Structure formats: structure tokens, C-alpha cells
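In the two complexes that follow, chain A is the common piece, with chain B as its partner first and chain C second.
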Partner chain A sequence: MQNIQQSTTDILHSVSLLKPEWTLSLGFLLVILLDLFIKKSRVLVLTVALLTLLVTTAFLIIQITHFGESQLLFNGMFSLSKAGIQFKLLVLVASALSLIFFYQDHRLAENPKGINDFISIFLAAVLGMFLLISSANLLMLYLSIEMISLASYLMVNYSAYQNKQAEAGMKYVLFGAVASAIMLYGISLIYGFTGSIDLYGTALSDGFSHLGTNGTALAIILLMVGVGFKLSFVPFHFWTPDVYQEAPTSVTAFISTAPKIAVFGLLFCITPLLQSLSGDLFSQIILITASASMILGNTIAIFQENPKRMMAYSAIGHTGFMLMLFVLPQDQILTALSFYLLIYVLMNIGSFLAINQLELQFGAVQISDYKGLGKQIPFISVSLVIFMVALTGLPPTAGFIAKFLIFSSLIQAASTSLWISILLIVAALTTVISLFYYLKIPLNLFLKKSAVELEEKQKSKIGIALILLIATFILVLGIWPVLIKFT
Partner chain B sequence: MGILSVLIFLPLVFGILILVLPKTWNYSYKYLAVAVSAIQLIIATWLYFHFKTGSGYAGVNELAQYQWVEKFSWIRLEVGDFGLLQVDYLLGVDGFSIGLIWLSALVMLIAALASWEIKANLKGYFALFLLLDTAIIGVFCSLDLFLFYIFYELMLLPLYFLIGMWGGVRREYAAIKFFLYTLFGSIFMLLVIAGLYLSVTDPQTGNHTFNLVYAMNPANYSVGSIFSSAAHLQIFGFSARAIGFIIVFIAFAIKVPVFPFHTWLPDAHVEAPTPISIILAGILLKVGAYGIIRIAYGIFPDVASSLSWWMGLLGVISIIYGAMIALAQTDLKRLIAYSSVSHMGFVLLGLASLTSEGINGAMMQLISHGFLSAMLFFIVGVIYTRVHDRDIYNFRGLAYQMPHFTGFVMIAFFASLGLPGFSAFIAEAFSLIGAFSSQSLNGLLPRWMAMVAAVGILLGAGYFLWTLQRMFFGNLRLKLEDWKAQLNDISTREWIALTPLALLTLILGIMPFLVFDALASSVNQFLMLFK
Partner chain C sequence: MIPLQHFLFISAILFCLGLFAVITRKNAIQILMGIELMINASILNLVAFSRFDKVDNTGQMFALFIIVLAAAAVAVALVIIMNLYKRVKSIDPNQSDTLRG
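== the complex of A and B ==
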């Protein structure tokens, strides 16, 4: 009896601490209802979705300013930590920018089903990310990863009416299904080996300590497959180029940023656990995947003709770059990781917005179509150049500060470990390589001259305003990075 | 807001002004650019004449001895184990930088005057031009590694566009090659900078610091840190400090350029429009040499002196190799580009000798080559804007066609090949004396290096005189008949640009103390680092 009473009070106590998540659920339900019962609810749904994100943000900010101690809620299913809230805020930044972007995307706007269903799926995805960041239990982790995956499958395929788009969507779903099956297998192994699925606490690592290295390695690698699929690091990146290219640009912007933050958030929270297992195993996985992602992503990106496909490979490279941090102990990662993620969100969404704008205005889908557009639309072009420079990591953009923070976090470790030195050299070399393809865009925009004068079609003023805003922000943050404070 | 900040950010303000001015004011941009460069030159001249010399104002590794120091705390970012990321906005000038600042201001003015040839997309051109100006002056003034790096990288992007958009036929290739080469060096340098930050602490506050001047004092390195000379940390079996020096050296050697890192230079210099070639040769190469002196040698003196032999060798190879390749060129601009490689070799040789004469010679060579190469590229520009050709064999007997112009060409050529009475003679002579006496003074460089380098001067005389003979002497013979009408003698604007350069090379040749006086105490202080 005592036990049940205890858990009931725990649950009751926990309920009030979940305000951001409740808000998201409420918004999700509200959007479905509005779509069902009110005609022409397009604007209304946008308002509700924006309000949902806004209120969630407010709750999170209240939570983080009045934060006491990290605690586990719902009988060890849900963890509440300051870093977690910070990652949730980052997810919200990415989601809010994406939400505005969705309404500028012509492929979503022209969809006969309307956009409202899409928005409800989007809110569910955000909820899934929140749950993932807070997962304190392997079941919770699996469920929330599935929730994000299902939502992203739907979002990618929402307006896949052409064969190629359907093919990319199908690839995504199949690959995702296999990845999550493997991960589930890993989770069941972990449970079988240790008898525990609690990510916090000592039960897991105690269980593993009686086990040989091989068993632990197998279980952890299988678990990392699911994580790897969502982060799209090598060798689980195969879906990325096709999906990024064929999905509506706004969806690409969303799935290339928000889920990544969530998974990195989770990875951050469980880093102490993973590092405590069987010596260097986790560090070795990180070393291999990080360097492979940086090398493969940055080299294959050189050969891409499609800007979205290029951005896909660039995203793989950036994932590898951020992954490097995880060879360090948890307390040395947070600032560099959060800052990089924030800047990454801004750069990526900004780039995709600009790519979308060029497609909208001039029907330019290949990088070679950008020829000579620089003079016709100077503001968007200059912003796009700023994004590319930031993605390369050159001053005076915030991309440089982000890159520097990661380099500087790792440099001291490099003097003690040969492998980390090699990793840093790979990172530096791939940065030089990345310049080659990022500069292809300025090259076409400004250096090459177009044979024909392209005709301007429609344009979206909100989109342009957002591009300029993000570009300014990237420059300002590059000069005063202190404007953003992380805990 | 100190005077150095004004000097740095004045062009930026004007650049933004140009961006917001309406397109119909197109014609006024170049006057604005000239005006701002002229103001800069006036400020720089004022700085030069108010620059205090003497042992109390040596600078180098004594922050208190720098002049016009400005210091604001700029970035304070809490970064996990890395501690507080503390970047200061720290500017200051000593004997090494004052001459280069003045040179930059002068070369920018000449480049602005050469920008008359730019016809397309003026707004973009002048905005980028002035942004570049800001970055260049910033590099020479910064005493904080982070700030230095930001200005250093900030030069790349404007240059990429300036070469790539207004350049010659192969401009895209040249622009990206230039960018990739420089970035390759500097990204590794960034790692060293991060390592230095972790190693160096501010003696006053005890925080980690990017302060370039503190990094020159071994006492400021925390115990066991990566670049501490006492710790002897090893990376890949080499000492961490040696690796740090080599990385920084390569980063700047690419810029100088030192053989074998020079292959970007002929492409970039040839494809760039005249004003940008002037800036590249006149200032950008000096940034590289300045970086080697200030950062590579200043912060890693122990490694630098142990690797002197190799530095000297690279210098000698650059001198001979550059001169031989220059002999084989038929494109006038390419010839001058390779002559830069040769001339910059003297800088490295003089520096490697680590003698007072050598370093004074190296600094003199920086300044002398700065405005001589500006003059040479301007001369190429004069021909190229008229007939859009610069193949040496397409011209003959130009002396009859353009007598005044030929006069300037002769001054520039004779000065460059090191005729006594001109600045380059003093510079090369001092570098060679330094290299020659090194064996007996400190035993760093063998004598044969100075002897072989002297052959470089001979080769230099070879290609300059031969070019003079091929292009300007003999009977007038041009590739096309109508070139004759186009090849007018120089205009007033060109007179204005060339006269001060010609005068300067004479003045510094006769009165080298103008440079040496400002340098003397700093060079002595610098040499103390190696004791």
C-alpha cells in the first residue's frame, strides 16, 4: 500500500512540473479540433500554434529561472534538469523559426489537404522532442524517438506527390523502421543483461560491470544505431541526402535542426552513464563516427549540384563536428554544445529560407541556376553568403565563435591523447575542404554571370525579413557572443 | 575611442556610407575612397611623427611600452573546463608596427587612386575595398591574438570577392585558390591560438588571456600547460612548442609567400585587378612577414632560433627560385609577382639571422618592397588599362611613345634591383650583412647562405634590365597598329600616384634612418627574446 501511495503522490507532484509539455499537448489537440470544426482556419491555426510555442517558452523560462535541483519525475521516467530545459528552449527556437517558414513554403501552401494537419503533426513532433530530452528510462527514450520519427515521416511525406519525393520518403520510413528495430533489440539486450532500464542511477552500470566488454559493446552499439539514425552521422546517414533534397524546403529546415538538438540533448544527459561503461568504448564510438562523418560529409558535399543535397552533407559534417565534444566529460561540453547548436539552427534555417526564396522567386533549384542572381537580389544573396561563411566558421560571424569554442574545449585534451589530436586535425582539414563547397554559392551568385536574365516570380516578404533578421543576428553574435548566456 | 580605433574603423564607416548612398552617386564613390585613404594617411603620418623612440618605448614584450594603447574588455564567456573565455579589445603600436601602418595607409591611397580602372558595380567594389582597409590596419594594431585572428580572417572574404568579381579571365580559380591556401594555414593556427590561450595567464588578474604580449613572456605560462616551455609536452613525439611554431610559421609563410607555399601568388596577383594586386603585394605579403615576426618568432623564440638554419634555407630558396622563375616569364605582371617571392625571401633570410642588421634589413625590405611593388603593379596597370595586354613581347620601344612613364619605370626597376641610393639597396644589403655575420655572431646561419642570396640580386638585375630592354628600348613596335593611339603618356592622376612612390624610394635610400630610428629600440628588445 505504501508503495502505491508513494507513487501516486510522486505522480501528483510531477504533474505540475510538466507545464510546458501540457501546453504542447493542449495546442496539439486544439489544432486538430479547430481544423475539424472551423472552415478556413488557416490563420487561426497559425495563431494557436505560435501561441502554444510562446506559452511553452514562457513556462520553460519560468522553470529555468526558478530552478532548484535536478529531479526525476513519474517514478524515474522523466528527468528534469537545467541543461535539459536549455535544450528544450533551443528546440523551441528551431521550431518557432520553422513554423514561420512552413507558411512561406509553396509546396505546403499548395497542398490540397491544407496545412492544418501538418501543423498538428509538427506540434506532436515538438512534444516528442521534449519527452526525448527528459527521458530517464530506456522505454521512454524509445517511445519518444518513435514519436519524433513518426511525426517526421509524416512531415516529409506530407506533400510527396512525385515519384522521387515518394521514393525519398519511403527510404526514410524503411531506414527509420530498421534503425528503431535495431535500437529496440539493443534496449532488450541491455534489459536482459542488467535487469534495469533506468538511465539515471547505478543499476545499469552495475549490471554492465559484471558483463564482459563484448556484451556491453554490442548492446551500446545497437542502442547508438537509433541515436545515429536521428543524428544522421556516418554510417547511418544514407537517408539524409535524398530526404533533404526531396522534402519541402521548410520541412528540411525543421528536421535538420530540431530533432538534432533533442537527440544531442539526450546524448548530453546520458553521457556520464555511457562514459562510465566499459572504459573507452563510448569514446571510441565517438572518435570513429565523428571523424567519419566530418570526412564523408564534407568531401561528398563538394560534388553536389543541388543546394539542399549539399546542405544535407554539410549537416552530416556539422554533426560530426559537434559529436567530437562527447569525448570530454559532461561538465566540459555544455556551453560549447549549446552555443554551436544555436548557431547551427540559425545558419541552417537561414540558408534553407534563402534557398527557398531563390526557388520561389526565380525557380532556381540547382546551384548553377544561381548564376548572376547576386546583383538582382542583393539582400538575400548577401545574407546567403553570410550563412555560408558562418557555416564554414570564419569571422566575424557567430559560426566562427561556435567553432572556436569547440576547438578550445578539445585542445587541452589533445595534448594528452593522440587520438583526440588526430580528431582535431581531421576537423581542421575538413573545415578547409568545406570552404570549397560553401563558397560555390557565392561563386555562382556573384562571380559568375548569367547567360539569361531570369524573370522574377512571386516572393514572400516575411521570408525575406526573416532571412535578413537571422543574418544580422549571426553577425551581431559573431561580434558580441556574450548576448547569449548559457548556464 | 582612441586614435587607433579611429584609424581602423574610419574606412568601415565610409564603406557603410557608400552602401547606403543612392546608386546615382556612383561617380562619387571613388572620391570618397580616396578621401578616406588620404585622411588615414594623414593620421598615420601624425602617428609616425609623434611616435616616441628610445629604450622606454621599445614595445615587443613589454605592454607598458606600447604607444596609443587601447584596452576594453570585449568578450567574457563562461566555457566549462576552458574557464572564462576572455577576449580583450587591445590595440597598441611599437616600432615593428608603426612603419607598416604608415605603409598600409600609403598603399591603400595608391590603390584607391588605381581604382579608376574599375568600371562595373562600383558600390560593391568600394564597400569591400574599405572593409579590407579596416581589416588590414586592424591586423597591424591588434595585440590580442583573438582580435588579430578576426582581423586576419576578415581580410580573406573581401579579397575573395575583389579578385573573383573584378579580376581577369581565370579569376574564379585564382580567388578560390587564394582563399583555400590561406584558410588551410590559418585554421591550424586557430588551434595553436586556443592552446596558447589555455597556457597563458594574465599576471595581473590570473585569468587566461589571449594577450599577445603576455604570451611572449615564459613566466606567464601556467605550469604543465600545453605550450609551457617547462612542461615539454609532446604531440606525435614532437615537442608541443615546436609544433606550435611550425604551424604558425606555415600559416604566415603561405601569406608571405615562402617557397614552397607560394603557388597561389602568381595566380592571385595576375588575375586580380590592378588596385588589388597593389594591395596584395604592397600590404598582404607584409602581413605574413609581420605575423612571423610578431607571433611565430615572438611567442616561440626558443624554437625559432633552433630552426634558424631551415628558415634561412627557405629564404635563400625563395630568393633564387623566385628570381629564376621571374626570368622565364613573358607576362609582365607574372614577372613582377615572382619577383615578389624573390624579394620577400630576403625578409626571411634577414630575420633568420637573428642579428640586429638582419632584422633591421628585413623590416626595411618590408617597407621598401611595400611601395616598390605597389609602384610596379601600378606600372603594369598603366599599360594594361590602355591596351588590355601585358605580354612583354608585344611591346617594344615604349620609351619613345611614353617618355615620362618610362622614367618612372626606370626608377621602379632600378630601385627594385637594388641599385645603391634606393631603399631596396639598404634593405637587401642589411639583410645580407646580417646573414653573413650570423656565423660569427651567433652561429645560426652559415656564410654560404648570404653568398647564394647575393646571386639572387644579380638575377634580379637580370630580369629587370632585360625587361626594360625588351619593352622600352629599341624602335617602337607594337602588336597592333591602333595601340599607338591608345598608349598615351601618363595622366595627372597617374602622376599623383607614382611621384610620391618614386620620391619615397629615393628618400629612404638616402635617409634610411627614417625607418631605422623608429625600429632601433624595438629590434634590440626583440633580440633580447632570443638571449
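== the complex of A and C ==
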């Protein structure tokens, strides 16, 4: 039992190690104040938000280069580890790209309330993700998951002015609230069974080892419901297609990447605890959910007509693919997982940017509307083809390297376990299936002819530049993957 | 003193009732009430367990945080349901089925 003086010294020592989080909170408050007191603060708010992200990145880089050893701050509430900082940097990459994207999105720009409130919610969501990656305690885990959830409900519903958009928003919030209530019940059971809520340390796994398999399974599965909702793996994926289709495209790009990185970061940090549970419980959960997500996501995506809905099912498939890694011990996961997440962020945000651009320029909402557009806007179309090839996982794009890394780290384990080899076979087969729907877009863009010549409306130059930049990056990383090193 | 089992039974019943309401009700507000029941079940659990955790009051602290966050979540959910009602004039989730596939 610590006395109060020790606690205070610990808190004072911890405060100075949280510079990235302080910066984000400060940026959040500044954006709210600017919106309140300054008229026409659109550009100013963008600058402040970008600066916040930049300064946070700088602090994180300083932290990671002078990194001593992992430690727990604030009396065991907050964990600081090198892997955690890497995941935070990945979250920042996704957030920075999305932030630029928000300003290119016509649905957010036409909102009569302006975009400033939205940006403050966005910064709060990023802060929530940072806290989630670092949470060392079930209380922190619950608070930060709720923080991300509330922020994403609001972001999805921010300009829901049509029936369908409002409907998707309602489904999202009801489903999310049920998932978090179930997770909460699981947390209360974990606390009751073990008498502790510390994710690091031995108290939880000791408590579970006295308990037996049934009780542990009940508590952990209830906990995984909340995690599964944020990751949108099967069977908690029902909200994903509706929300991805009806949210503004930039918001879809954000919620399909950044929260996933955060939750994967958290899962990575607590893998030792989860894998120490009795009876291989965690690997069984992973085996079932990963294979179900890959099969369901990739097969249903074939029948989709709306590109955003197709991307939603593809995202479910990719989540399953990344989940496969968690059957391995912790030290073998990090490289493959971070590389895949980085490439996934680039591919997803790039594709959504291109989809948004096509909708903006030609009003093309369905995949069949893309017919013959390839000749009219060659650059965007070629980039979109690159993204689709990368999402499938074919060389020479970085998508291939990412898939290759995951396969090669799993192949060792597959030779010893039958279930893991079945999982790998499912992964390989679903990758083949995914060709059918990803390549539907290039087929429509370049090979089919349109009956009517579509008229070009408006276009955003920054958006096009960003698309080209991301496409080049994916190609370059595909040829020289050594440019990015994760340790 | 009331034994721990009674609290656990009550909270399990509350949780199941809440889940039942979520699945069967035809009104978004009633679904929210079901969610509230589920959250209260876990609060009851935490506080009951905390009685036997002599070291610190972890469970009670946790319960306080949950009460605050549940209120915030309900506020957000009500706004979103209001928004849907303004457009569709109905808050029956079974009727909002334009999104399929």
C-alpha cells in the first residue's frame, strides 16, 4: 500500500512524461475557444489542428529516440512502452491524412454549422486513441474506448441531413452502446473474479488461474465484445457497412483506420496477459473470429455495388487478416503488424480519397458509374488501380510486402499446429476471392465504355495531389520496403 | 448482512432483462432504457464486489466513472435519435431498413 507522499511524487514525475497527450488536450481546448471567439476561423482552426498534430509527432519522436525502459505512470494507470509510441505515431499518420481529407469533403464543407466543432471532436478522438494504447488498467480501457466511441458517433452524425444517413447514425450509436454495456459487464466480472483491474502485472492472470476455464471464458468473451465492436470483426460487424456507406467519405476514411490502430495497439500491449489464460482461450477466440471475418468480409464484398460499402466489407476482411497475428507470442507480432497497419492506412485513405474525388467530379456514386472514366481522369484512375492492387496484395505494391510479412511470420507456427495452418489456408483462399471485387473497379474504369459522356464538375487540387503522393509512396515501399523500419 | 450471491443474482437478472429489452423493443428510446439496465447491472456488480476488496475502493471508483459516462452516452444517443425522428418521423429501428446488403 502506497502512502500519499509516494503517490504524489509518482504523479508529479509522470506529468512530464505525457507531453504528447498534453499537447493534444491543449489543441482541443484552443480549437473550441477559437471557434467561440473568432469569426471566420476556418483556416485558423485548420492551422491550429495541424500544428497540434505536428508538435505531438515531434514530442513522440523525441520520446522514442531517448527511450529508456517501459514504465507504468500515475500509480499503474498509464503505461509507457516503445511499441505503444510506435502505434501512437501510426495513429498520427492516419489522423493527419484524415485531417487534410476533412477539408476536401464537400459534405462537411457544406454543413451550415461549419467544420470547427467537428475538428474539436476529431482531436478529442485522437486523444482517446492515445489513452487507449497506453491504458494499463481496465478503468482506463473503458474510459478511452468510450471516448473514441462517443467522438465517432458524433463524427458520423455530424452532417446526417438525409434519411439514410440519420438511420445509419442511429444504428451505429445503438449498437455501440449495447456493445459497451456488454463489455462493462465483462469488466465487472473480471474485477469480481480476480480482485484486480491492472492489465500489467500478475494479479489478473493469477486470479484467473484459480478460477477455471468457464468463468474465465465468460469474462474474457464479454470483454472482447467491446473490443470487437471497435475492430468490427465478425460477429460484431453489423454496423460497419451501413456506417461506412452513409458517413461522409472523409469520416469513413478516419474511422476505418485510426481507431483500429489504437485497438490493435492495445491488444498488442496486453497479449502476454491474454495468452497466459488457461486453455488457449485467447487463441481459440482469435482463430474463430479471424477466419469468420476473412470469409464473410471477402465473400459479401463481391455482391456490393457501392464502392464505400465494398470497402467496408474489405475492411472486415483486413481486420481478420491482422487478427491472425495474435496467435503468435508477443515478440514476433510487432514488425508485421505495424507494417501492415501503416500500409493499410495508406491504402484505405488513398482509396477513399479517390472515391470522394470521383463523386465530387462526376457524381459517380456506384461502381457502375465509373464506366469509361479512366480516360477522362487518367491520374486518379491509375492511382485508384494501384490502391486496389495493393489492397488485394499483389506485387509490386507495398500491399504485397505487408501480406508477405504476415504469412512468413505465421508459417513457422503453422508447421506445429493444424489449426494455424487451416487459418493460413483460409487467408490465402480469401485473398484470391478478394481479386474479384477489387478488380471490378479497374474493369469499370478502363475496359467498359460509358453510354453518356459525363460532365466534369468541380475538383480539389489538394485531394488529387494527396492521392498521387500516397500512390507513389505505396509503389516505392513495395519496391524498397527497407525504407520503413519497425523495431 | 446480505450475502454476495443475492447481489450477483439481481445483477444477472437485470443484465438479461436489459438485453431482452434491447432485442425485442420496437422503439429506440426503449432500447436505450434496456442499455441503461445493462449498465446498472454492471455497476451493482462492481459495488458488490468492492465490498469484499478491502485494499482500496476500486469498484466504487469505477462505478462513479460509469455513471458519468453512461449519462454522456445517453445524451449523445438521444440527440442522434432526435435527428432521425426529425427526418423520418419514426424511431422504430425495424422500420428503418433502407440500408441492406
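Here is the rule we go by: the second predicted complex is superposed on the first by the 485 of 487 C-alpha atoms of A that agree within 3 Å, B and C clash if a C-alpha of one lies under 4 Å from a C-alpha of the other, contacts with A are read in each partner's own complex, and residues count from 1 in each chain.
Going forward, a contact is a pair of C-beta atoms (placed from the backbone, for glycine too) under 8 Å apart; a residue touches a chain by one contact, two chains touch by 3 or more.
Since the structure is predicted, the reported quantities are computational estimates derived from the model, not experimental observations.
K.L.:
Is A:L475 in contact with chain B, with chain C, with both, or with neither (first, second, both, neither)?
P.N.:
In the superposed model, A:L475 contacts neither chain B nor chain C.
K.L.:
Touching A:F303 in the superposition: chain B (first), chain C (second), both, neither?
P.N.:
second
K.L.:
Go through the superposed model and pick first if A:A168 touches only chain B, second if only chain C, both, or neither.
P.N.:
So A:A168 only meets chain C here.
K.L.:
Mind working out whether A:A203 is in touch with chain B, chain C, both or neither, as first, second, both or neither?
P.N.:
Neither: A:A203 stays clear of chain B and chain C.
K.L.:
Can A:L405 be said to touch chain B (first), chain C (second), both, or neither?
P.N.:
First partner only, chain B.
K.L.:
If I apply the document's touch criterion, which positions on chain A are contacted by chain B in one structure and by chain C in the other?
P.N.:
In chain A, no position sits in both the chain B and chain C interfaces.
K.L.:
Taking the complex as given, what residues does chain A use to touch chain C?
P.N.:
Listed in rising order, the residues of chain A that touch chain C are 1, 138-139, 142-143, 146, 149-150, 153-154, 157, 160-164, 166-171, 173-174, 177-178, 180-182, 184-185, 187-189, 191-192, 195-197, 241-242, 245-246, 300, 303-304, 309.
K.L.:
Would you pull the chain B residues touching chain A in the complex into a rising list?
P.N.:
75-82, 85, 121, 149-150, 153-154, 156-157, 160-161, 164-165, 171-172, 175-176, 179-180, 183-184, 187-188, 190-191, 194-195, 197-198, 225-226, 233, 235-236, 240
K.L.:
Using the touch rule from the top, collect the residues of chain C that touch chain A in their complex.
P.N.:
8, 11, 15, 18-19, 22, 28, 31-32, 35, 38-39, 41-43, 45-46, 48-49, 52-53, 55, 58-59, 61-62, 65-66, 69, 72-73, 76-77, 79-81, 83-84, 86-88, 91, 93, 96, 98-99, 101
K.L.:
Hey, which residues of chain A end up touching chain B in the complex?
P.N.:
Interface residues on the chain A side: 328-329, 331-336, 375, 389, 394-396, 400, 403-405, 407-409, 411-412, 414-415, 418, 421, 424, 428, 431-432, 435-436, 439, 442-443, 446-448, 480-482, 486.
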